[in-house]
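Both complexes below contain chain A, partnered by chain B and then by chain C.
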Partner chain A sequence: MDNIEALRENLIAGKADEVRKNVEEALSLGLSAQTILNEGLMKAMDVVGKRFKANEIYVPEVLVAARAMHAGMDVLKPLFVKQGVKKIGKIVIGTVSGDLHDIGKNLVAVMMEGAGFEVVDLGVDVSSEKFADAVREEKPTFLGMSALLTTTMLSMPKVIDTLKETGLRDKVKVIIGGAPVSREFAKEIGADGYADDARSAVEIARELM
Partner chain B sequence: MKDFLSSLSSQVLVCDGAMGTMLVSKGLPPGGCPEEWNITHPEVVMTIHKAYIDAGCDIIETNTFGANATKLAHYSLEKEAYHLNKTAVKLARQSAGDKVFVASSIGPIGELLEPFGILKKEKAYDIFNEMVMAQIEGGVDVIIIETMTDIEEAKIALMAAKKSGVPVICTLTFDRGGRTMMGVKPDNAVRVLEDEGADVVGANCGTGPEDMLGVVEIMRKAVHLPLIAQPNAGIPRLEGLKTVYDVLPEVIGEYTARFIEIGVSIVGGCCGTTPAHIKRIADIVRTYQR
Partner chain C sequence: MRLIDIVKERESRMVVPLAGYTGRKLTGTTIKENLFCVDAYLKTIEALVREYKPDAIFPFMDVVVESYALGMKTIYPDDDSPYLKEHPIKTLHDIQKYEIPDPDKDGRMFIYLELSKRLKNDVGKDTLIGMYVDGPFTLASQFMNAQELALKTIDDPNLVKGVLDFATEVVIRYGKALERARVDMVMILDPFCNIVSPRTFSNLIQPFIQKIVKSTGIITILHVCGNANHLIELMAESCADGLSLDAPCDLKDAASRVPADTVLMGNISPVDVMLRGDEKKVKNKVKALLESMKGVRNFILSTGCECPPETPHSNLRAFMDMGRSGV
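Coming up: the complex of A and B.
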């Protein structure tokens, strides 16, 4: 497992090329894609998430670690189907209508991916209809909504209303986050969970599973 | 018109409060472009400026926070950047006359710089430079670069702004346990900004006045430059479908006194602050006038 240990260290340090090499080595040593994913990439991203939450590292460090994770993921992806690698769940995620801010949403996407979820990212300025369509088509476990502005966070209850109107509300668990959003707001609009930051999003998702 | 920096050396100045949340209260729809209102609703923008001037502020900020080509492109207004900036300064100047300083706002571009994002430094400079040129042509007294989280981006904006010859204020937003989103520490930030030629440095947005006090204290120990503090009126909360900010004008007033006591030269407000908050700040500042 020395190789996996090195992989984790390199991922946390954001060394994408090294991570890619470590994953290739691990495969050549006969480790399964699932083991490399779980013990290597996911565990390392878990450390990154915890450090981010504790304000020990900040957005730049998370972004370079995410880049390293993706470098490793790219090597593994062709093997996922072949080796029957299981994702633990699926999340559809997006920034709500009228809001163009994507840094926080991208961090959540990266953390969820790093925790073994399949992530469908709808981007920014996502309408209620687009969220509902994605829930219908992708059948995710979770719907994640982000907003940075006090004005645009009011799009969130509208999305939940659309889900209700289209009979999709009980098909998906809704998690919300973003600077102006609070636990109370989540409760008030009938979301299932509120995530304080990207790392908490993973914790909430695991709790709600 | 008095000279901005000499005014600052002899008295504490009051800056205005929020523009964005005020525009929303006057009908800007969610997702609407605030800066477009300089053209479509100039009378509303001027009403807000005048309300702040009546409240007793010495500096008003133009409605140009997001008037950069990248952000405007989301509304297909990227070609209007120059026009919007110049128009906004003219609206502020018309409202201010020669009694109140006009500070032109420059916010973050809205994309991360390389290597963390895709924005190139040269492009960032061009984007800021376009804003600066238009604001100078509009007749601005001082430029205020604000809500920065990345010190590199702040430096690029500062470089563009300093070339204009007017004084430059630069603030960052510290909302991650006393650091910015990008991990920048207050003391390091102001030292860098001082080296790069900023005339005034400080903090805005992100938190209410309580957390900001700690940040500004750290800055005070790090540099001798004049400081500015522009807190939010707390953290927003929802009442029904209306966003409410909890920090009352009285509370902002108490903190204004504490800001001045640690040596802050300009006090104003950010998100959720209203002319009522600014009036309270102005009342307190007057009691400290030397």
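Coming up: the complex of A and C.
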């Protein structure tokens, strides 16, 4: 497991090329994609998330770690199908209509991915209809919405209304977050969960499973 | 005169909500109408002064004025804050395509220069006139894609330094023009700083903020919204006269971490309290803050950031009333 230990250290340090090599080495040593994912990438991202939450590292450090995780994932992805890696749940995520600020959303996406969720990222400025369509088609466990602006956060209740109107509200759990968003606001608009940072999103999702 | 001296010479606590955008409801105008017409803008800001009599007044928290003056494509919704459509700088070479804007003629900077002069003339006797400039890192996050900029603080600090250097020169030239237009204070808006570590802030960003502060002879206030608890000492080291801090910061704790001559401004939540609360909640929150800051001389009651445009005027009234109550 020395190789996995090195993989974790390199991921936490954001060394994408090293992580890719570590994953390739681990495969050549006969470890399964599932083991490398669970023991290597996911455990390392868990450390990254905890350090972020504890203010030991900040957004840029998380972003480079995320990039390293993706480098490792890219090697593993073709094997997932063959070896049948199981995801623990699925989240559809995006920033709400009118909001182009996506760093927070991207951090949540990567933390969720690192925790073993399948992430369907709808990107930025996502309309209520597009969210609803994705819920219908992807059948996710969670819908994640993010907003940075006080004006755009008001699109969140509209998305929830659209889910109700289209009979999808009870098919998905809604988690919201973003700088102006609060627990109180989440409760008011009938969201199932509120995450005050990317790491919390994973914790809330696990609680709501 | 330094901000701390102004604060100390007043008998009562200074009260300065950041609520420029809310003023357009007093004049029945849209945000866009004000941003492009100095007459309309002046009426809107003066309406706020008449209505609330704050100790200092700031205009709309319009963070694209510098980028727009550089000719970057900007979207102006009718009644919402403007934003950049593009983030055109990817390399140091790209910066060479731009010239430092001339505040007298490029973009909308002249609107703020004219607004400053006329506000100073009309209401400057009883009200300190404040204007905003972008902080270097926030301006850089408009020049470059924000996530890319965050990554480059680790991957390519020299690129970031180059972009910050250019942003700083833009801000200094604009700031000097505002100074000539007789504003009393400039608030340097650098909200994007809250995403970086103290080390990155200290090594990469702080020297540029210091340069802006030192370039001007007027009062400077550094604003970082969101959670800036990890940066407070370093923000104070920027030598700005004041720090404007948002609701996630603990102001009482901040008071123990900054020099006694650094004035703290804040930090009633613009969203949870000012926008979404009622008058009772506003009064309770202001009262609690004033009580916790009792005995702290270097403190101005303010909101943590700009109040959203739809903030009820009844809440602003409640904010001012409690602020003036002598608690």
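By definition in this document, the second predicted complex is superposed on the first by the 209 of 209 C-alpha atoms of A that agree within 3 Å, B and C clash if a C-alpha of one lies under 4 Å from a C-alpha of the other, contacts with A are read in each partner's own complex, and residues count from 1 in each chain.
Just so we're on the same page, a contact is a pair of C-beta atoms (placed from the backbone, for glycine too) under 8 Å apart; a residue touches a chain by one contact, two chains touch by 3 or more.
Keep in mind it's a predicted model, so treat the numbers as computed, not measured.
Name the contact category of A:A179: first (chain B only), second (chain C only), both, or neither.
The answer is both, since A:A179 touches chain B and chain C.
Between chain B (first) and chain C (second), which, if any, makes contact with A:D125: first, second, both or neither?
It touches chain B, and chain C stays clear.
Between chain B (first) and chain C (second), which, if any, makes contact with A:V59: first, second, both or neither?
Both partners, chain B and chain C.
Thinking of the overlay built on chain A, is A:L100 touched by chain B (first), by chain C (second), by both, or by neither?
A:L100 contacts both chain B and chain C.
One more residue to check, A:P157. First (chain B), second (chain C), both or neither?
first
Residues on chain A in contact with chain B in one complex and with chain C in the other?
Residues common to the chain A contacts of chain C and of chain B are 55, 57-61, 63-64, 100-101, 103, 149-151, 153, 179-180, 182, 184-185, listed in rising order.
Across the complex, what residues on chain A touch chain B?
That would be residues 55, 57-61, 63-64, 97-101, 103, 125, 149-155, 157, 179-180, 182, 184-185, 188 of chain A.
Which bits of chain B are touching chain A when the two form their complex?
That would be residues 21, 24, 28-32, 71, 74, 110, 112, 115-116, 149, 175-177, 179-183, 235-238, 241, 243, 271-272 of chain B.
For chain C, which residues count as touching chain A in their complex?
Listed in rising order, the residues of chain C that touch chain A are 80-81, 83, 146-147, 150-151, 153-155, 195-197, 200, 226, 229-230, 270-272, 275-276, 308-310.
In their shared complex, at which residues does chain A touch chain C?
Going through chain A, the ones touching chain C are 14, 55, 57-61, 63-64, 67, 100-103, 106, 149-151, 153, 179-180, 182, 184-185.
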